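Should a chain be cited, it is by its letter among A, B, C and D, assigned in written order, with residues numbered from 1 in that chain.
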Amino acid sequence: MAHHHFVPETYHTAIGAHDPVLSVASGDTISTTTVDAGGSDATGKPITPGGNPQTGPFYLEGAEPGDTLAVTFDKLAPNRKIGYTSGVVAANVLDFGYRPEFDDDRNRLDWEIDFENNTATPVGFDDLPVGRLRLPLKPMVGCFGVAPPRGQAISTATSDTHGGNMDYREFVQGVTVFLPVFVEGGLFHVGDGHAVQGDGEIVGTGIEISFDVTFTLRLLKGKTIQWPRAINETHAMAVGNARPLDQATQHATTELIRFLQDDFGLDARSVHVLMGQAVEYDVGNVYDPAYTMVGKMPLEILESIGATRQ
Amino acid sequence: MAHHHFVPETYHTAIGAHDPVLSVASGDTISTTTVDAGGSDATGKPITPGGNPQTGPFYLEGAEPGDTLAVTFDKLAPNRKIGYTSGVVAANVLDFGYRPEFDDDRNRLDWEIDFENNTATPVGFDDLPVGRLRLPLKPMVGCFGVAPPRGQAISTATSDTHGGNMDYREFVQGVTVFLPVFVEGGLFHVGDGHAVQGDGEIVGTGIEISFDVTFTLRLLKGKTIQWPRAINETHAMAVGNARPLDQATQHATTELIRFLQDDFGLDARSVHVLMGQAVEYDVGNVYDPAYTMVGKMPLEILESIGATRQ
Amino acid sequence: MAHHHFVPETYHTAIGAHDPVLSVASGDTISTTTVDAGGSDATGKPITPGGNPQTGPFYLEGAEPGDTLAVTFDKLAPNRKIGYTSGVVAANVLDFGYRPEFDDDRNRLDWEIDFENNTATPVGFDDLPVGRLRLPLKPMVGCFGVAPPRGQAISTATSDTHGGNMDYREFVQGVTVFLPVFVEGGLFHVGDGHAVQGDGEIVGTGIEISFDVTFTLRLLKGKTIQWPRAINETHAMAVGNARPLDQATQHATTELIRFLQDDFGLDARSVHVLMGQAVEYDVGNVYDPAYTMVGKMPLEILESIGATRQ
Amino acid sequence: MAHHHFVPETYHTAIGAHDPVLSVASGDTISTTTVDAGGSDATGKPITPGGNPQTGPFYLEGAEPGDTLAVTFDKLAPNRKIGYTSGVVAANVLDFGYRPEFDDDRNRLDWEIDFENNTATPVGFDDLPVGRLRLPLKPMVGCFGVAPPRGQAISTATSDTHGGNMDYREFVQGVTVFLPVFVEGGLFHVGDGHAVQGDGEIVGTGIEISFDVTFTLRLLKGKTIQWPRAINETHAMAVGNARPLDQATQHATTELIRFLQDDFGLDARSVHVLMGQAVEYDVGNVYDPAYTMVGKMPLEILESIGATRQ
């Protein structure tokens, strides 16, 4: 199990079958950096065009279409003191015709990260209540994925079966995400770190910031999945990406059923009865072209009926 | 503050301007019962046609269009040993063309309530893992509301600005829900108790059961709201009911903005900046004609910036 | 077959089981009037609150739940010289964040009807190109229906299985519309005449005007349908009312399949193959809470394969 | 104005910045062929993997991001006797839970083209009414477009601002379609010919067949558009591609407003008033990941108010 230290020189704003920057074996760990959504690095300097630029892609040796790539985020750490957000809730999550009651169009607000207290504060609001905000950090990666099927390259502004810009606030340090492999090597991309983010990314940004990231890639040979799945200490999860949110919910629910049947040794009947009274949903991105819904099942409940991941 | 004990004799499967069964003053408490979604009472006997029959309506003295009715659920308690659910995840939350991998069409499964251990177990699954399930109870009311505007009477199968069949699993004992008053007296209805329910009510039912309920009605004179709002020990909430879920999200988000501006003394700018990085969403019903989304803000965060409910 | 002349004195802005104003036998014809969407009569005088006030309801003798009520619009004629529209395309059919490039907020524009030339012209636009418009009249009824199921009364701002505010521009003189009967007598309501209207009613109005209407009601005893159907000289049609438009399309498509199987003697296989290459869709209202989609099949094609209405 | 005769050797199932097969000047005409959606050529032989394989891309000299590429379809002609369709209406346009009333799962039906009478007939249905069908041909191209923005390559199963799989039955011989240029040369792709198709492509196919196609490309230098526009003998059109259909409607409506303001010399106020009472909508594809809606305005009406294309 090698531990690679990779310094990126190129970035991509579409996730596709780009030339890999590094080839790794299953179980290898990679430490690298990501620029912020606008393309600025740890010094705050813009070094590549904005739009969730991705570090990578990383080639996972042996991965072929029909396999699954598992990524465990070992470390997700903002690496500078200033992040930014926009400051207005987006029109697509507001009633038709609603207008915010302020004119100021500061589309980019700075936030200062207090690493000692592990909080973030919006800068320049001393005169307003929100200036007193000390929001606990919860670093997450907004956008990551593998090369999509059919020779596609898909914008990092959106998401689909390959992952992409899901902006799910539980994609934090410690989570393992499973992604369907569509091309040889899988071609893992990662970027768009957020120091913290509300559900839905409803202003169109989390607290956008550059990251130090460490992650481990594993190959699940011959394992085929349809949509991203994930597991953390408390839940088994399945992700659907689509518009409307209804359809994202359909994908997430169906994939969670498959996840519980495939990996937890449960029969279909048990899964349906269980889901009805115990499923949980979390809302990922509801700002981008595709919205994200996450279906979840508590591991504690699964374990209580003897269903453990196989 | 009177405490009324009311024994229902009639039920409604549409929420509208029906003759009130009881008139109460602001601050009065009412103890009564609800039948289950299928119309059966505490003895399990069907006594009224099914479809979320509602107890009520209760007339709140002094309530006029443009006011707000606040209901606090003081007690929500299943009052019999057997509840029921359906057993198949509904087609509208599954991928188009998906078919469950079992033929058995048991659309009504019994669940046994263990009041000592506060759990529910599906009956007749001794041979399957789900038969081992002991799901902790979390009693909630699926459907309640006030008479809607424009002389409408709206089916208890759906929801709208007046409340209705929202099936939100945080509408439990202790929560206070605010409803816009559209007719004189408000005309509060309540029913459809669930011993426990998964997010979304994705099999079309929670564990449907009859309830003993106690609630207190209060009048907020001259207070006008657009959509249901709620408050519990941890969150301020706003509810949107519509399809697609995108639009429910729009209503919930917009109403939560108004809630924070109106009731927590926050300026619009602060609310937008705060919502972006701290909003939470919960999914209510995604089975009925109208879906339900709930926007939430942690009270702890509000308090930390000096915003308390006024 | 009696011909009734009815002068309305009351109007309803929800379609429900109101007291009937007249009882008629199957085959009877009724001549009456409708006020405009704002509640003004043929003299332009406001006589009832606005919101698509309905004339009726008319009781069709013998109609019971599970039957079908057929209405043929024999005459639909604006009965005054001035109609009105709003003048801005609605936010819900425009890109999120789009703002019209004019400030003037004339939400009510007058249109003058030229009965000699059968056209309509917006008033007060002499200085703009649209002032030269002479739009051919195509009088239609925006809102009509029968009392809905479950004791509901549904706002005339929206639509559902019972009909309602569908705003479909082919509901003109000569068409026969079939509506499912949910209550005894069916209880037919009609109103909301438009001198002409664009697809979708995207400014929220057609040219709103009072009408002289003549229609014939017929009972199809024992005939059960799920959604409104219609037939004119060229097409068999089925209507779906829901949001999003995707779901309205689902209802319309499914009902059209049933229509062709039930009434045109076609087997399911033939209907599916035929629909794939010959179905047509028209867009009804895309402004109201429920949107309207119409699925259509040309009668000429049906006749060419020996399928005639039975 | 050169006339190029091009024989394709490669095909693409994603529309992107592939190496151009031919470079042409503005005004040049190209005659070539397209394989059917399944990858078979004029002899019926499969020569490339299926999924709407595209001929091209064609490089339009001088085209740069921010320009518009205009394509006029001079000739669209099926070039063999047998096409195919699927035979079951797709689940996503049917009510949730609806099941077709036949078991036979013939997902591929042959249709015979009668070039003399200009009709198509499904093969193998002698025993059913649909076997008598002689459907008039209306050849159209289901999928065409230019390389999309951000370095994307987008599957020919879907559509977006760059065009793609719109399956609109008015994209027939004679129409001119305008596409936004995102990369140098525009890179025009074309394929997926249908001998005829119902609205929506609701069985997932038109009558899929290989084509002889002739088209002319023109460069509109410095002309910037957001979504595909088109013009034929009767209408100015704008296309929106998205899910749900509501959002496709938003894009189409907004782009049609811009089209009428930009190209027909109309002020915004005139356009809004006119659209309200005269807009028409057609439904394109409602089967693929992105749905297609087309907003239209009759040229006759535009001309009557002095608005001609500039």
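Throughout what follows, a contact is a pair of C-beta atoms (placed from the backbone, for glycine too) under 8 Å apart; a residue touches a chain by one contact, two chains touch by 3 or more.
Predicted model only: the values in this text are computed from it and were never measured.
Set against the C-alpha centre of subunit A, every other chain centre is closer than that of C.
In this structure, the chain pairs A-D and A-C differ in their number of contacting C-beta pairs, and the larger number is found at A-D.
Separating the CA-averaged centres of subunit A and subunit B is a span of 32 Å.
A straight line joining the Cα centres of subunit A and subunit D is 35 Å long.
Remark: subunit A and subunit C have CA centroids separated by 47 Å (rounded to whole angstrom). Of all residues in subunit A, those touching 2 or more other chains are 92, 96, 243-244, 246, listed in ascending order. Here subunit D touches subunit C in the complex through residues 85-89, 92-96, 98, 100-102, 104, 109, 120, 122, 125, 128-130, 132-135, 196-203, 205-207, 243-246, 249-251, 253-254, 257, 261, 265-283, 286, 291, 301, 304-307, going by the rule given at the top. If you check the complex, the residues on subunit A that touch subunit D are 12-14, 16, 51, 149-157, 242-244, 247, 289.
By the touch criterion stated above, subunit C contacts subunit A in their complex at residues 90-92, 96-97, 244, 246.
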